[in-house]
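Listed next: structures, encoded as structure tokens.
Next, two complexes with chain A in common: one pairs it with chain B, the other with chain C.
Let's look at the complex of A and B:
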């Protein structure tokens, strides 16, 4: 999946919850107020788009610190 | 009555407690879907009485693809949302572990553990994206207290309690409420294997002096899935006080 499409999905989750959209990749997910359940929701939305399940260990999620990490993760997971 | 206007899936609703839960939830104005391995005459009767508000399918609870397809089918039929699920389907046991064959152990694990896990997994994916929901596992006092002859069954019910607590931590923030209702010995097909003197002993040891019945359990399930309580990650005992 394209990086921009992943970011759009992240921002859909953010704006649905009344939060500011993310514009910078370098920002920490904590500072962007992007939470671990938001990560799961993005994964579910991507699953719906792709029509297949994404399964991964919680350890992979724990290593994510920045928006860039999230985009890298899903880019790789959907390749 | 606490729950109405919801779209609800109850597993194993073709007979026993499950049938009572399905019937009462329908009567209270909910849309209810259930599945079991085989169709019973009661399913035909509910279809006739409630039309499109009721849905039954023969589904093997441990076939993940079929369970996922069932959840999709139900959501399509009921208008998209899945408000609550009740993990009710289970099989009992009346054997000491040393005398229980491996096939029986595997069957109990499949129906009582794998089945509810698959259904819960499918449901929380829906509930996450729609902004919330309620999950109620029908557990048992056996999950918290020891009773001879029920080791595998008890283990399976303890699993439901433990899974529920972990899941409440995982998805609570997404407005998904996960709880267990744990009946004591109640008047059911499962307790029908007990001899009258055993039942009398249980009644004598129960502070309320009586076994719970399907309606007692329904009333608590109805409250738990109502989404009105803020109760999260709890086991609610409906046992006349025998575990108190």
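Let's look at the complex of A and C:
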């Protein structure tokens, strides 16, 4: 999945919760107010969009700190 | 056994009859009941009128019997009947279907076989009798009523209504047509005769969506009963607003426990006072699990208690229903979210007619709640999703807020009138 599409999905989750959309990849997920529940929701939305269940690398998931990490993670998972 | 109220009228999609006429038709069709000697029989019928004919025939002649619609008798279902030594008998053709079964020692004259498909879809045969099905025997006097009967032939709820029409004078029935239940309900409403109805919350939500609101509101209803699934505050409030003069109650009943809890105070759940051990019908809650001790149950432990398998939770002076044991909770990253709570909250939103919350497997959190919703009016889906997410965020814990939304055009209602 394209990086921009993943970011759009993240921002759909953010705006649905009444939060500001994310504009900077370098920002920490904590500072962007992007939480574990939101990460799971993005994963579900991507799976729904692709029509298949994704396999996630648990170790890589634990190392996520920034928005860039999230985008990298889903880019790899959907490749 | 109380006397049959032979003159009560029953209206079918294709005509009207009373119990006396139905019995005469049945006797003429089947002849003497000795042809069923030694048999546990289930009559296979095509219409509601045939089902009622079979009911009064079996009752009058003291058979061990039941009734099932023909379209439900698949080879698998026929096999299940045979395993239980049941002979299937074609009502219209007045002949045995397949092989006659010798019930032998298993024969119990007076037994009435109730059918339930439960949540598994697998047909179960629940043994009852007219003594356990007639839960109205404790009601001394009922005002004269004409009931709309929406239930599926052979189900516990259907037998309850049939028992009412059988044994309580002045209780007339107008039968729904399962080919198009909403249309038959609408037609029944147009007669202006319906004064009472027993159904499910899903049935009402379905009706409110599909039938002209002014027609519904004009119905002279004095008695509304609901059961079969969790009755939430939103539907109680909505019906209370539409029918301010009606007595609205919700009833906790199951095929096994019988009708056990009747709530008339307009609130969801039931008062903790019902667990008072001095009451005739026993209600107890152990580790949030509901147990019933009732003369209408068909099985119980040595002390008379039926484990209902339903989970309740005490909140203040009420016990609220939380769903079935083992199927009530969504584990969201170690936090517990309860679908019935979320649905009750959603259903209270003015734009939500019906909702259903389930779990969906998700990475990191394990599961997330997701919702199917029917809106009261057309709306842009993205806007509705944002509005409902915001609404839920205000009243539910963050982990209980549905994360994915599916907006349906109609309420998915099963033959049991549940969703």
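Rule of thumb we're sticking to: the second predicted complex is superposed on the first by the 76 of 79 C-alpha atoms of A that agree within 3 Å, B and C clash if a C-alpha of one lies under 4 Å from a C-alpha of the other, contacts with A are read in each partner's own complex, and residues count from 1 in each chain.
What we mean here is this: a residue touches a chain if its C-beta (ideal position, glycine included) is under 8 Å from a C-beta of that chain, and two chains touch if they have at least 3 such contacts.
Here the structure is a predicted model, which means the values were calculated and not measured.
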Quiz prompt | Touching partner for A:23 - first (chain B), second (chain C), both, neither | solution = neither
In this superposition, the partner of chain A with more touched residues, chain B or chain C, is C
Requested in this report: Name the contact category of A:56: first (chain B only), second (chain C only), both, or neither.
Outcome: second
* Does chain B (first) or chain C (second) touch A:39, or do both, or does neither? -> second
Dual-contact residues of chain A, meaning touching chain B and chain C, are 37, 40-41, 44-45, 48
Touching chain B in the complex, chain A uses residues 35, 37, 40-41, 44-45, 47-48
The answer for chain A against chain C in the complex is residues 15-18, 36-37, 39-41, 43-45, 48, 53-54, 56, 61
So, in the complex, the side of chain B touching chain A is made of residues 125, 128-129, 171, 173-174
Note: in the complex, chain C contacts chain A through residues 332-333, 360-365, 368, 370, 385-386, 389-390, 393, 398-399, 403-404
